[in-house]
Structures are given as C-alpha cells and as structure tokens.
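Chains: A, B, C, D, E and F, in written order; residue numbering restarts at 1 for each.
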C-alpha cells in the first residue's frame, strides 16, 4: 500500500490530528481522514504505542506512513479530533482549542447543553465555560448550527440510532413528549472500546444476548435534551463487533396510518445523503439492519405499524464506529468547514457480510 | 457453617466459619456483593458497587 | 458410542415415538429420550430420510442404533411426541391418539384453548373436538392439570420466555391486564427449523440484528390466553443458533420496590426445579442470558427496576430447543406420567461457551 | 443514497454489464463498478429477480437506480463480466463475446490453458476454441499479457490465496516442482454462492471447522498450471462469510534463512499495489489474516521459518469475493484497458471488525 | 437448581478438590465432578474470587452450594485436580501429593517423560523427582498404566487431537517415524484460558483465521514422546470458543487402500467408549467436526485418502475443555480408581449448535 | 432385523425386515450410502455418489 500521510496534502486542504488514535474510534477517524480528499493527517496520539507505526495497532492502516506521538505535544492543526474516554476532553479542552481552530470531540464531554445534566448523568463537568460553544454533531438534527462552529460534540452511538428513528415521529407530531417511548437497543462489542476487560474477552462475550444496561443508560440524557422525549431505555450486548440497532416502541395518542408514517419519514429524510428508509417491502432485508451499513456512514431507518396495540415500532440501525461516532464527526466537520457533505464518507456496505 | 440474611433479596446466605469483618461475599441467590460488617452474629451490608468493566 | 435404543428399555419404562424425528426439535427429543431413564425410543419418523440412521442427520446421535421410518406406519407406544410443522398434528391427531395413550405435540395446533383464536391468529382449526382435552405443557403455569393428561401442547418458545418473565409480576398484582407490556424478544436461527430458505442461509443470517416479526407475532395469542396480558410483541433474529431471550418492559400503576420484586419472583420460583433467578449481583453474568442455559432445560429469569421511568424490566432467557420446546415437552410428560420431574433433564450448561 | 447507474458515465468511460448480477460475486462486481470512476453499469442480469431493483437483493446497493434484466437479452457494452456458475460461460461465450469487446469471466470455464485439464478436473469443455484467447486474470502472475486481452478468466479464490503465498518461493528457487507442498485452506461461507442448500444453512454452517474438500479440490489444477507445483490440497469451511486463507507447508531441499525469505517476498511484491507483507513483527496481527482484508482487494502474504523441521510456512489471506474473484476481475480489466490499476479498488479494511 | 456439593457424597464415593477452580478448565472439572456419581467436591480454589460462590464465576454452576477458598489451605481429599498455569503444579507438587492420594494435573508440568525435554521446550523443570511417577492421562494411549497411578498428567489439547488422529496409522505401520507429518490445527478461544489479554478481546479475536503458532508449538514435544513422530505443527485460532481440530497430512511410503485405513482405525477404536469414526459417508457431517462434540468427552476421528498425492489426511476433532483437558482428566481418574470409564462423562453433543 | 456387510468399511449394517431392492440405506459406522441390490440374503453396494450441496 502506498498511501502516505504526507501525500494527502493539497493547497486547499486541512490538516488534522487525532488524539486517542490508537483506540477504536480513533483508528476509524484515521481510516476516514486518510481517504478524505480534503484532509491531511499530521498527528495521531497514543501514550501506550508512542513511536510505533499506526499500522502496528490498526492492520488496515499498514500502508500509512505515520507513527503515534504523545498527546502531551500537540501539533498545530486546522482540526483536532478527540477520541478519548469521557472526562479526558474536558480536562484538556483548553490545549485542544489552542492547537486547533476546530475541535471535534467524540466523547460525551460536550454533548449535553446544560452543566446540570452532567451532575445528574455523569460525574459533573469541569469545563462548563465551553458548553455554550459546543454544537451537537448530528447534521440531521443540527445541520444549521454547524457551519463555522469551533467545538463540535459527536452524539452517542445508541442515542444517534434512537434519535434518527424517532425524530420524524416527533417532528410530525405523531409522538409527543407526554408519551413514554420504550427503546430497546442491541449493540456490538466495539462500543466498549479497545481497553478490554474480562466481560469483553472473546469466550465470555461471544454469542451473548446480555442486558448490559437494563436501566439508567446515560444516553437517555441526550434523548431528553435533543428530542424532548422521555425514554425507557435498555441496552443489550449482542454478537457483533460493529453495529447499534434501536427498536423504539411508541404509542401515539390517536390513530395513525401507514401513509402518515411514510409521510413523516420521507419529509424528514428525503434529502438526507446518509439515511435510507427501509420499512417493509420484500426480500430478505425488510427492516433496518446494522450489518447492511457496517463500515459506512449510512443509517437505515424504518418503521412498522401495529394497529392492534395502537403502536408504532420505529427502527434505526447504524455502525457505532461510523454514523455513531467517527463518521458522524467527519460529516459534521465537512459541514462546519463548508466541504461536500459526503466527502470521505462514500463507502458502500458489503453484501453478503457476516458479523462485521 | 453460619448463615445471615441477604439485604438485597432476603434469602439466607451460607457463610464460612472464620469470617472476618470487611470480607466481601456474594449472595448465592441474587448474586449481590455483600460486606461482612459484624461477625457474631454475622451481619451483611450491600458492598460498595464495583465499577462494571463492561464499557460502552 | 454404545448407547442403543434397545438398551434403554426397563420393566417399568415407557415406549416412545418421535414423529418429525429428522427436524430440529425432533432431534432434540431423541437426544433427551435416549438419555432418559424411563423412556425407550422405538420409532423416529422422517419421510425424507426414511431408512437412514438417525445419526445421518443428527451427528450427536451417531451411537443410536435406530433408523428413520415412515410417519404413515406408526408403532403403538406409550407416548407419541409430534415435532411437525403447524397444521400437521391437527390433520393426524386421530391416528396419533390411536397409536399412543399420551400425545405430546410441539406445534401450536393444540396450544390455544379456544377454536376462535385459531381463526384470528392461524388459519383456523380442523380438529376442534380435541381442544378441550389439550393441556398447556408449561409446568410452571399448568402443573396441576398435567397428571393423567392424554394430549399435551408444548408452549411456543418466545411465549415461554415471556410467560416465565412476566408471570410473577401478574401473580403478585404488580402488573395487571390494563397495563400494556412491551416485549422485545431476540432469538436464534434454530427457531426456523431445519427446512432452511434463503434468509436463513449462513451468509445472509450471520451477524444479524433483524426485526423478523416487528408486529403481529402469533405468540401474542398465548400471552393473552395464559397470562391475560395484552402485549406489544416484537421479535428480532440475532446471531445465535439456540436461544430465546425476552425483555419485557412493564409500567406498574403504583410504586414498587426491589424488595417487592424479589418477593414476587421468589414466591413464584423458589421451588421450581428449572428456574434460576438472576437479577443484578456481581461478575459478568448479572441478568438472564440464553447462552448460559443453552443445551439445558433451565430458564433464567430476572428483573431490574427503573424508578425514573416507573418501569420494571423483566427478563427471561431459555434455549428454544429445550425449555422452549423439546425439554418442556419431556418435563410435561414426566409430570403427566408421575415420573421424577427432572428425569432426563439434568444437563448443566457450559462455561465458557460461544454462540451455541 | 443518490448514486445512480446513469450518473457514472463520462466521455472517456466504459460501459459494463454483469451477467449473474444477483449472485454473490455479481453483487460485488456491481458494488465495485458503481464506485469506479471509469465504468458505467448498464445491465445486471438475473432470471429469478428479473425486473426487481438491484437493491432488492443487495441491500448495500439500494441507492442504485437499476433493475435486473434477462441474460437472454444482452446489451452491447465495452466490458461484460460473467459471474455465473461453472459451465454457463462456456455455453454462452459466443454471445458474450458478441456483446462486448472484453469479457471477464469469474468462473473456472476459461482458467486452465489446456482442454485436457477440463476433462481431468471438470466435466470437459465445450468451447475449447476460446481457450487460446483466454488470459489468467491475476496481475501478480500475468500482468504482461493482460493489456488488450479480449477474454480474461479470474482465478479461483483458493488458488489465488495459494499462488500469492507460494509464487515468491518458486520464483526464488526456494521450492521446486519436485517438492510436495501441503496446502491447508480455510474459507468462508460466501464461497458457496447465493444458492444455499442444507449444509450452508445458518444452524448447520455456524461455527464449523469442517473439512469440506479433504482431497481432490479442483484448484489443484490451477496450481499445477500456473506454478508448476504439485500440491496436496485440503480445504476447510470455517466460521466467516468472507475470506480465504491458505497455509502452505513447504520443505525446501537446502537450508534457507529468514533473510532469504524476506528477499524473495520483497522481490516479488515490493511494487505490487495490492499485496502487503506480514511476517512476524509485533502486536496482535503478526501473520496474514483474512478479516484484515475483508471488503478490500488487498492480499496479505507472509511466512514463518521452522528450522527444526526444515520447513517454510507460507501464508496468503484474501477476501474471496474481492481479490479472489470480483476485485481481481476489476483489477485485470483495469490493466487490460490501460486504466489506473487501483481505480475503483481503493477500499481500506476495517479495524476492529468481527467476522465479515 | 438444587444440586449441592454436600448432596453428592455417598459411602463408596471419593472426595475431590479442584485447584484453579475459577479458571476455564477448573470450571469444567467442577461441572463434571458435580454430575459424577462417585465424586464429592469439597474444595475449589481461587485467589481472586476467594469467598465468592462458584456460580459468581461460572453461571452454569449457580446451583452449587460451594465457595472458592484459598489454594494455600488445601483440604485432605482422595483426588486433587490441578488446573493451574504451567509451572504452578511443579512448584506445589509436594503439597498437592500430601493433600491427596491421587493428583491429576492438567498443565504440561508432568506430561513429558524426560526432564531434558522441559529444558528444550519449556523453561526447565524444578521437581524432576516426580516425573517418574507421572502417567500420561490419555486412556487410548496409556490405559494400561493408569490403574493405581498416583500422579496423572492430562495431555495437551492440540496434542490429544493429533495423537488420536495419527495413532492408528502409526500402530498399523502405515506411517513411520521417518515420514514427516504436517499437522495443521484450528482451535477456539477457550484454549487461552480465562486471563484474557488484548488479542483475545472480543473485537480483536472474533472471526479470525489467525496463525497463532506458525511454528515451534510445544505440543510437538508430546507427539515425539508418545507417538515417536516428527511433526511439522502449525496452530490457527479460528472463530469458536470450544474446539480443537487437527488435520494431519501424512505421506505413507507405500500404497495404501481405503480398506487398509478402515482396518487400522477400527482396530484402534472399535472398543473405545469415547471415539467415533467419521470418514466420508453422506449428509452434512462427513468428517470430524469439533462442534459436533462440544461439551462432551467424545473425539471424532476420521481420514481421507488422496491417491494422486500418495497422501492420507487424518482428522481429529475434540472439545479442548473436555477430551482435551478436564474430560480426559476425569476419564483417567475413572480408570485409575477402577470406576466405570464413562462415569460422569455421558454428555451427548448438541444438534444443531452454533459455535459453542 | 437382518444384517449385511458394508462394502466401504466392512462393519455389519443392521437392516429392517421388509427390505426392498433399490432402497438406499447408510452404514451406521462409516456413513456410506449403500444401495440394496439383493434381499435374501441382503447385499449392499456403494450407492451412486450424490452431489454435495456444499458449493465452493
């Protein structure tokens, strides 16, 4: 492979750094930025793998001529992507913003608009003065506020799958904040990040249907903040590495038809470059499935109507590493910088594919 | 063998004899992690929740 | 392997036949009956594999000295197990009952008490005169009516997982028939049976989180019939071969404590030989998981309390081939015949185990 | 998704048809050609799915505005790709070549240079007059003969993995045709194609290590033809959908050093755009692995030296649907037509990724 | 579950302890001993989980009323099973033998007859005075020497699969020590034990075909010692949790027929209670497969003849946690103590089953 | 029950009584598919190999 970090630079391009480049979403950012026509990666940090090549950790990037460097010595770049665990970005946000005009953070540190919410759902916030500057990354929700933003917070993966599934119902008034929605999410093991642990060892994690967050999942906070929707949220770990799939059970107050639903979803996503509607139809793939979008920035969104139970079931399926984090981050950066929205994000899914 | 009541689920927890204060045992019924706060008779309290290593 | 069908017979034993012995649940019945101290298998039928050894189809039964024979020529036996697709048993029920004093049917043909329900949920019923004789197999629900029964109908696998999870809440009055319950089930590929089809080919079925029955699943009928509970039911296919896991989201009218819930579940299952309560606690396995019970007749049942959403999440995890069909059938036969309840059903699960 | 078959055309582009477009490698060809800067897909055939959209079968191509048409009515195109079962191309080769100046066939029908070999390994050949025109596609073996070719035969997937692993040893004289080489291949389920069958149903095929061709595999013929190497070939089905991995055990006559081996492999592949050498080193990924190249046209090739046994173990790992068929076909077409070799083939692998 | 460690004791029974009871093979020993008619488990050690119930670690043993205790305080028992990492048993062998009349060790510490071999293949041996007492556990090789033994060493899992496949060929003189045999093994992730590590995290380990020991695997030493056969050994990690499958490529000097091979294998295994011959035939399962024996102490052994290459391919498939360690250990203990050979080991495999 | 010898592996194959010429049975030891070519006494031959449905 002859791809080289240096080759990518062009007069009109942007330089980029990835803090946390040895992690799962950091590696995904590198994959995307290396193939992006407008970005040149000049730094990827890792404390554990300092001085090792990026390909030592990420075998798909063996062709990349770049070594990990310390997060203590950040280069000046146009865009700094932070793919570090919760809490790290809020600690280093001043130096991140010193190093780059645009910071895109993948953690939860700047996702919620109110400092209070961090006290309720996380362990508080230590850099609240930056919260007002932060824009939620998901363009389908917040496209208008991204151009020119200086601090962007990529949404949570499970929240993203749910938001995309439910937003058309909320916007169309089919569901209101008074109705409780039950959200049952199934996720892959890459959500846990690269640091491992006993429960995520292969023998223990294989083949599970494991209720890993039966209640109290932190992404409820994002749904309240951005959809104004109280959700009863439960997350299961299932056998896949990449993927998050949200099944949302909503109970509209009045009667609703399939036509109403198609209207709501087409209205919401007709012009969206990364959302496909999959709702019924024929063949093997009739509803959203994460494996169909693995490796891509696409979201599959769909619904089914259950008249007997006066229920609408809404589905959202994404790749947690892409639309659920790194892809969403690059998409938002594209919008913020005035680039083509799909630049660097035109990967197609695979068929057939196993459990990606 | 002695027994004590689980504060989580109310079932009887079988304990070994040379019990020491501060030991952590789990309830055989509900699996709760319990701290031994007294030994004669044994008294159990819910142990401080260990962080899950499940990640997200 | 030296196990032989003939070896099993004992003076006080019962002879058994398995109609549909080449199928998935038929094979599981054979595995159980061959190892059962009180049964002697004298016939296993298959039209496709007539005259082939049972081990030709089921590699785990290579040691069994038995060949498939035609379902047209049924032997006289004490117990006939039918593991055929829906509709077959109702067609042949007279000859089944002629051949055996006790018929245990694994299909839905005799599960529902009312003929009307078959018109609503299935394609009607053509042997309604037998419905009054039929007893629902699940001993945790219907133990009292099994002794002496002549026709027993094993419950549906997804219904079984749900019934076991919800029954304690209903019995304790925590949930009433006025509250809607959302049930989100995840199942393995063996639920589809041995006949295959494109969507269940390995390349297409691997790694899925596929909403295969988003609404209108027929097992809703069993929940209404036996729990008097309206359920909003959705079933997903996930990556496993064996297993069914029900996550039930219930919203009790009044406040409920963890103690109330432990009380309800212990009351229900304290003396049940096949139900384990798994609800929180420590370690890797904190809630019910199907892989922990794969290959066994055990059910794991548990719950979590979500005070913020005034919700109880109830879980039930089983092996669809065992507690969800063949194991339940043998368990019910044990009760019906006055045998030790756990006879032939003492398999322990495996740890670690992948995706069984 | 807004990709449209019609959008792709440019003045300097080539039109393409895919016969067998509803199959696995046919779908992969479509994925590649849709993203290829120089091709415009004007036809994809299927008898079973005639008039259905391509996205009905291939969920990753839902954005493609194209419907399957009958293979009886071939359009005139610049390049016709045939992705049909063995025997179909030899039957229709005249009409294929009438329809297109360049035919690229993915089946075995034109892979072997000698008609005799078809009698020995296959069921004979009915269009032997075309054999002389056919060029073996693998550019690493046959690049020089591809420009201007009119009939190109993509190599077998298992043969490709083996050829790439062994060729440097043969070229460098480390191994000669007098030494028997043992080749032990592990493959994914997509090798079987979309037509399914009982042994490839999910419950039966999951989790296997199944010797599916213990001896007598037809790809031995390609190894003899193109490498002049007698191989003792055994193929195992293992749990993955995409991937073929060849482990070759060779016993050189004289002593050989690691340096010799590195020399041989670097000599062979230094300038190859699609071959990565992976031989020892550190981290988790030390030798070729198919999952690291899934979805890409890359091959990982490597080796280990076993002085105690006077053995060299050579490894080759590819995606059977890409480097092992569709990707190799497009690569060869690029060379034949004078395009950039990597055009349309710059997909990067994923990390982490499960069992793709 | 009502199984209780105390319940098991009977007048004529043996008490047992498991050192390393929290590990994978330790847990498997506990599963077997709890269900064994002649054993009563009185101790299971763990340093990390001291005082926790056995079910905390092994969810399949939740019904067992036993807590882990320290390996520093060993109870006096009839049989002590040690399931600790290499090196631990040789360090504690004196106290093990003080505590029990029969010690069965699952590690490599007492497998090889010669102290020298430990210098060559391991890090030397510190308790060589016990080597003369040690008997290799595999009854198919060493049944005659087990009765009355006081120290038994269970064989390595990959060695066991290979020994069972090759022994009939050696005994019948088809293969001699002058012929090099190539052995290509595929193993599941439980071989690595419970302690984990990055390469065995679920995202990294899933779906692999990974050459984890391309050369120099220590089990070569056992093959030399017990079969007098030089083997070129390569081990691959593949996607399964349980299972080891050896494919052995042997090149007999003279011609050999299928009849010769059937003769050799029937001669070797006709009377063996745990070996099934699977060699060709029809249906889906034609050669040995690990998933068919998962959870059982069975071995599937088979062969294929490749006349063109003058090759015999011999296969052996086992569950590494059973026939490859814990099951073999209990089998050997049964023989040593004069119990029924199959006592406690009558588990049947599952069909269908995924990736167990 | 009658028996016949398997031509593949030489073991005894147990057969049902109302055997008919042309029936296909499998050997319980080696799994070979065998055709009944005579019934009294029963004689078995290797049945024509069915195509594997394993694909490639």
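Methods note: contacts are C-beta pairs under 8 Å (C-beta built on N, C-alpha and C of every residue); 3 or more make two chains touch, one makes a residue touch a chain.
Everything numeric here is computed off the predicted structure, so don't read it as measured data.
Chemist: How many links in the shortest chain of touching chains run from chain B to chain F?
Modeler: When the steps are counted carefully, the minimum from chain B to chain F is 2.
Chemist: Any idea whether C-F or A-D has more C-beta pairs in contact?
Modeler: Output for the comparison: A-D.
Chemist: Can you name the chain that lies farthest from chain E, using the mean of each chain's Cα atoms as its centre?
Modeler: Greatest centre separation from chain E goes to chain A.
Chemist: Pick same or different for copies chain C and chain E, depending on whether their interface residues overlap by over half.
Modeler: Counting shared over all numbers used gives more than one half: same.
Chemist: Please identify the chain with the largest separation between its CA centroid and the CA centroid of chain D.
Modeler: B
Chemist: Please report how many Å separate the Cα centroid of chain D from that of chain F, as a whole number.
Modeler: Whole-Å distance between the two chain centres: 40.
Chemist: If you average the CA atoms of chain B and of chain E, how many Å lie between those two points?
Modeler: Going by mean C-alpha positions, chain B sits 36 Å from chain E.
Chemist: Which whole number of Å gives the spacing of the CA centres of chain B and chain D?
Modeler: 59
Chemist: Multi-chain contacts in chain D: which residues touch at least two other chains?
Modeler: Expected reply: 24, 189-190, 192, 194, 197-200, 203, 206-207, 240-241, 284, 289, 352-356.
Chemist: Multi-chain contacts in chain F: which residues touch at least two other chains?
Modeler: Residues 26, 31 of chain F touch two or more partner chains.
Chemist: Within the complex, which stretch of chain C touches chain F?
Modeler: Those residues of chain C that touch chain F are 51-53, 55-56, 62, 65, 67, 69.
Chemist: Which residues of chain D touch chain E in the complex?
Modeler: 180, 182, 184, 186, 198-199, 203-204, 206-211, 214-216, 230-232, 234, 236, 238-240, 243, 245, 247, 249, 251, 284, 286-291, 304-306, 308-309, 311, 313, 315, 317, 352-356
Chemist: Which residues of chain A touch chain E in the complex?
Modeler: The contact residues of chain A facing chain E are 24, 189-190, 192, 194, 196-198, 200-203, 205-207, 241, 354-355.
Chemist: Could you pull out which chain D residues touch chain A in their complex?
Modeler: It comes out as residues 1-2, 24, 27-28, 31, 34-35, 52, 56-63, 188-190, 194, 240-242, 273, 276, 278, 281-285, 289, 292, 294-296, 298, 346-356.
Chemist: If we count contacts the way the header does, which residues on chain B are in touch with chain E in the complex?
Modeler: Chain B reaches chain E through residues 14, 16, 23-26, 28, 31.
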